[in-house]
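Okay, got some structures for you below.
Shared between the two complexes below is chain A, which has chain B as its partner in the first and chain C in the second.
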Partner chain A sequence: MTKKTDSDDSNDSDAAREQKRERVLRDRAERLARVERRGEAGEVAAQVAVIAVGGERFGVPAERIRELVDVPAIAGLPDLPGWLPGIAQIRGELVSVVDLARLFGIVEEKSAEKAADEAPGCLVVVECAAGPLGLLAGRNLGFRVVRSTEIAEGFSQSTSRDERPVRFVTRDLCAVLDLDRLAADERLVVHQV
Partner chain B sequence: MSHVPTAALRCEIEQMQHQLYELQLRVRRAAGSGLEALPTGELLLLECRVEEQRIALLLDHVEEAVPAAALTPLPESPPWVLGMLNLRGTTIPVLDVAARLLRRERQLELSDLIVVCSLHGRRIGLAVQEIHHVLRVLAGSISEPAPDLPHAPYLLGVCSTGTGLLTLISIERLVALSDIPELGA
Partner chain C sequence: MTQRREKLLAIFRDELTENLDQMAQRLETLRAGGGAEADSRGETVDAAFRIAHNIKGASRIVGMLPISELAHAMEEVLSPLRGIGAKGANGETLSPPDLDRLFEAVTLMGRLGAGEDLAAAAAELTAALTKSTPPPAPAQPAAESAAVSSPDVAAAPEGSVRVEIGRLDRLMAATGELLATQARQAARLTALVRLAGDLRVAGKQLPPAPRPRFVQLSRALDSFLREEGQERRRFGYLTDEIGTAMKRVRMLPLSGLAAQWRSIVRDVAERLGKEVHLTVEVGNIELDKHILDGLRDPLMHILRNAVAHGIEAPAGRRAAGKPGAGTIVVRASMRGSMVQVEVGDDGRGLDPAAIAVAAGRRRVATSEQLARMDETEVCDLLFAPGFSTAEAVTEISGRGVGLDVARQRLRELGGHVAIRARGALGGATVELTLPVSLVSTRGLLVRVGPAIFALPVEFVERTLRAGAGEVQRVDGVAAIPQTDGEPLPVRWLATLMGVPREPDPGKLTVVVLARGAARLGLVVGEVLGEEELVTKKLPWNLKRVKGIHGAVILGDGRLAVVVDPLQAFDATRSAAGSAAETVLVAAATARPRVMVVDDSLTSRALERSILEAAGYEVVVMVDGRQAWEALRQERVDLVVADVQMPEMDGLELTRRIRAESASQHLPVILVTSLGSDADLAAGANAGADAYIVKGRFDQRELLEAVKRLV
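Right, the complex of A and B next:
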């Protein structure tokens, strides 16, 4: 019987990693190739930027995004709830910053992999009726078109029991934000300064 | 057999290489003229990372971004054409921006993203390493790229941001100059 050397072990682990990489890429290709049963004929419900927040995925309507920037310095204000860490200055303009992870009560215990996925953080600056708003998020995962056929059944604003600002959730669990409902919160005081 | 000095041969090769480079540059310029020009007014740019370089695409052309997936290789395609992606039943060619712009061949990594762009009714995927920001810039703040740069034909311009230079890529020129007739059509 021949003895296994460190070099053999390293080759084995490289081969295993390569196999895993190819398997994941193949699985993704199969998923992407799938055509919705009801076809792509479903109407476009939203075009969103998908962002990672504490291991969850949220969709921010693309037409409302002014820009995505690295997380700037945030100045805290007294007597604000935890999900409102303060205000930031973006190109000379004061913007209320909303911490989505805290707003949605997402558990902070993350695996190392998920934590790495979320670094570095970004601030999504969106346009709301009262002015710009900054959404504190993890990583920008890309953009996607959400069709009506992709929306999870049984979820809509009218059936949502709480006041959480979510327009709808997709079948693959991406919550698309309702920015108007979010901006309607009276605690977003920065525009009265 | 007569022996030509090696140094003389090297010198001749260098001269011919220089002439070849000049010719290639002229071909690229000729192919790039008449293609997409820099739009005017306010532009929305999608900033991406390609290897260590920051590039930007016009957001108007971007449809969606999907994670890197296995692609079907195209026979006899140049190294910057990674293959074809089946996206919900539509076949989309995927170009490797790093291979095209930086002349570096690389295999798709799990962390890579494919930015799906729409161009005159056709869709094309661009493999990038990361998507950063959406930026709003004025066209006037974008400078013309230096004409003699080897990659200039694919650039719409160079934009200075707070954190460094950003090269604005013309998807149309990238496709038109991809050396694949069916892509450039």
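Right, the complex of A and C next:
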């Protein structure tokens, strides 16, 4: 048995302090974790379907989605702009198809790694005040609940690139669409004379 | 204004329009009555009175007092004649000036209902109507007076129900869906029957054991499909009946517009100091309400034009040996599922030369285009927007005012309008053609590349096949000479619709369109057949796409875009496109070149025919030496060679091909009757890419090998 010396007493104190220090740090970490989890809960800002469009991600408000389907046959019409590839029939109704990649100018910025998203994968049929629109998109990345704490505060509509119809952008760069502004875009209206 | 009030006013306006149409019909009957029996005239007057009463009540509810007062004044004019007729035994009468004022009241009420501020004019007419009220009939014995109906009449004409037009629209849309669904189901049943047939044929390949059971099931399936076919046919009859009934529900007589026509002709003539008689010969023709509503303004415009710019002043007419009063005739007739309305006058007609000069000056058409146009096409330029301006109006004596808008309105209804310089009466004639109903029309389905289009059959005269080599350039446009007349100008539907053109086959399929005397051939890929089509309007954001009426959903769910054939005629006159269009021949280098080497004439002929039918270009050689000499000078993409040949056999040929750097990669297929393992090994050692034994020769094997190696 080893006789306890003064240095041993000092060592014991060091150990106790270390233990205490570790306990305090652990407690503090737990407290911080609880505060952070309460902040992340936040209020629900939107429920969206996330779609990939030319390498970028967009959120479509779920309450405005009528259907999300594989891309159906699209009948082209003469002399339409590139972002209006034509019309499709969804359950017996004619719906105008909007190529979001071309409308937002994304298609010109494509790179090889984004090419996989370029091939249209799904059609999101949304309800607008004037009628339905079919939004042509790449992959369907699933549904998501966006909370207020996820919104990138520094981003505002006035700075959105190319004045895209975006309500807000999340911190992980998912741009949630403003469908009313999208439907009001004059570029979607065709009146040939 | 509250939403409720807006809705109420909308209902009132719809009801007013219907009432005024019915009133106009009754007044027309009275005007044309002549020697009609008093009884029938009495019924007509009664009906007119009830309508006036309805209008009075409804307009009071929505606070449109000028209309209410006018309606009351009409009641006062008609009341003494109820149960008696327009000319009663006691001297009561509805004179022509009375009738004119009643017609005028109908027109004025329509304008007031549309929101025009004409209170003063309404008050004036009300006063005039009140002054013209016939003196009351002498007191009748009680028995006779009892025959006069109470003024408290039913809200709606007898035997009819008033239905909100929105409900009818929804019912019509549902009917359209029903017809389309029925067509899709019929198509699916046809496909199912075909499948059952394929299954029956495939069943013959079965081994003997399961065959009896298969035959039993196959027969049961055939029986089921026969019964299903009968059910579908019954369903088809029912849906056809519903479709026909729905078409009729919304139909209103064209004659209902006659009052407005008379009014506009009278008003414009009076203002300009002219005298014009209007004759209406439209019989009992009925049109869908939507189409009738769309026809109102264009017809009014055409009539206004005819009076203002067609009919000369009385003095000028007499100097020209014509009666001082001009004549305008509105005549309607049925052409299949379309109605044709003609507005002709005996005025000065059109001057195509003046129109052409004005068109050139206003750059509506180039001098080249004008040189190619006949008189009808020149007159058609009046519909161009360039003739709507005040300056243009002055240049051509105003005849073109606003006609572009009229044509546009008619196009939106699926119709068209044309104008002739001199019609049957000597003056200009405007011809309007419109569908009778919106529920469904017949269309010709055609394929252009992967896309399907529908052409309304009313404009399709016939289809024909023409050799690509027959297409020539006539006056700068592609045309096919015809033995019985003018060359047929042709346009490719792919170009008009913006679909990428494919190389044309040797024989072209041409759909010949007709518009009056004009003809145009549309080159298509394939004619798929004629069908009853329920055309759906384009989605909300595609307000107008030139040349497109809408789209139909086919039985298999695909869309066929409904084309406006008249757009093709218009596009043909434009310089762009037609000058460059011609037969598109596939590029010569696109076909791979195959050399067939065999000393057997039969083998050479067989292999050549197989390969050429598959689209390859073929050169033949009779032995290996000839082939080798040719290969050193010609380019080929693949060699198919026999093994046993004089001079140089196929193995030696293959070795030499592999030995030369220029040809070492040239694919070689040996086709031979030598089928032993040693022979196959010899072929492989010589460097052949494939070895086909003639005894087991199957053309598919050869073609697959060629396709794989080329």
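Everything that follows uses one rule, which is that the second predicted complex is superposed on the first by the 125 of 193 C-alpha atoms of A that agree within 3 Å, B and C clash if a C-alpha of one lies under 4 Å from a C-alpha of the other, contacts with A are read in each partner's own complex, and residues count from 1 in each chain.
Just so it is clear, a contact is a pair of C-beta atoms (placed from the backbone, for glycine too) under 8 Å apart; a residue touches a chain by one contact, two chains touch by 3 or more.
Since the structure is predicted, the reported quantities are computational estimates derived from the model, not experimental observations.
Student: Regarding the shared-chain residue A:Arg28, is it in contact with chain B (first), chain C (second), both, or neither?
Tutor: Once the two structures are laid over each other on A, A:Arg28 reaches chain B alone.
Student: Would you check which partner chain A:Phe143 touches, where first means chain B only, second means chain C only, and both and neither mean what they say?
Tutor: first
Student: Let me test your reading of the model: by the given contact rule, A:Glu67 touches which partner, first (chain B), second (chain C), both or neither?
Tutor: It touches chain B, and chain C stays clear.
Student: Which partner does A:Cys122 reach: the first (chain B), the second (chain C), both, or neither?
Tutor: In the superposed model, A:Cys122 contacts chain B only, not chain C.
Student: In the overlaid three-chain picture, which partner chain does A:Ala49 touch, first (chain B) or second (chain C), both, or neither?
Tutor: Only chain B is touched by A:Ala49; chain C is not.
Student: Overlap the chain B and chain C contact sets on chain A and report the shared residues.
Tutor: none
Student: Show which residues of chain A lie in contact with chain B when the two form their complex.
Tutor: Touching chain B: residues 21-22, 24-26, 28-29, 31-36, 40, 49, 65-70, 122, 140-145 of chain A.
Student: Using the touch definition from the top, list the residues of chain A that touch chain C in their complex.
Tutor: Per the touch definition, chain A meets chain C at residues 73, 75-80, 84, 87-89, 92-96, 130-133, 183, 188-193.
Student: Under the definition above, what is the set of chain C residues touching chain A in their complex?
Tutor: The contact residues of chain C facing chain A are 177, 180-181, 385, 451-452, 496-499, 536-548, 550-551, 553, 557-561.
Student: In the complex of these two chains, what residues of chain B are touching chain A?
Tutor: 46, 62-71, 85-89, 108-110, 113, 115, 131-136
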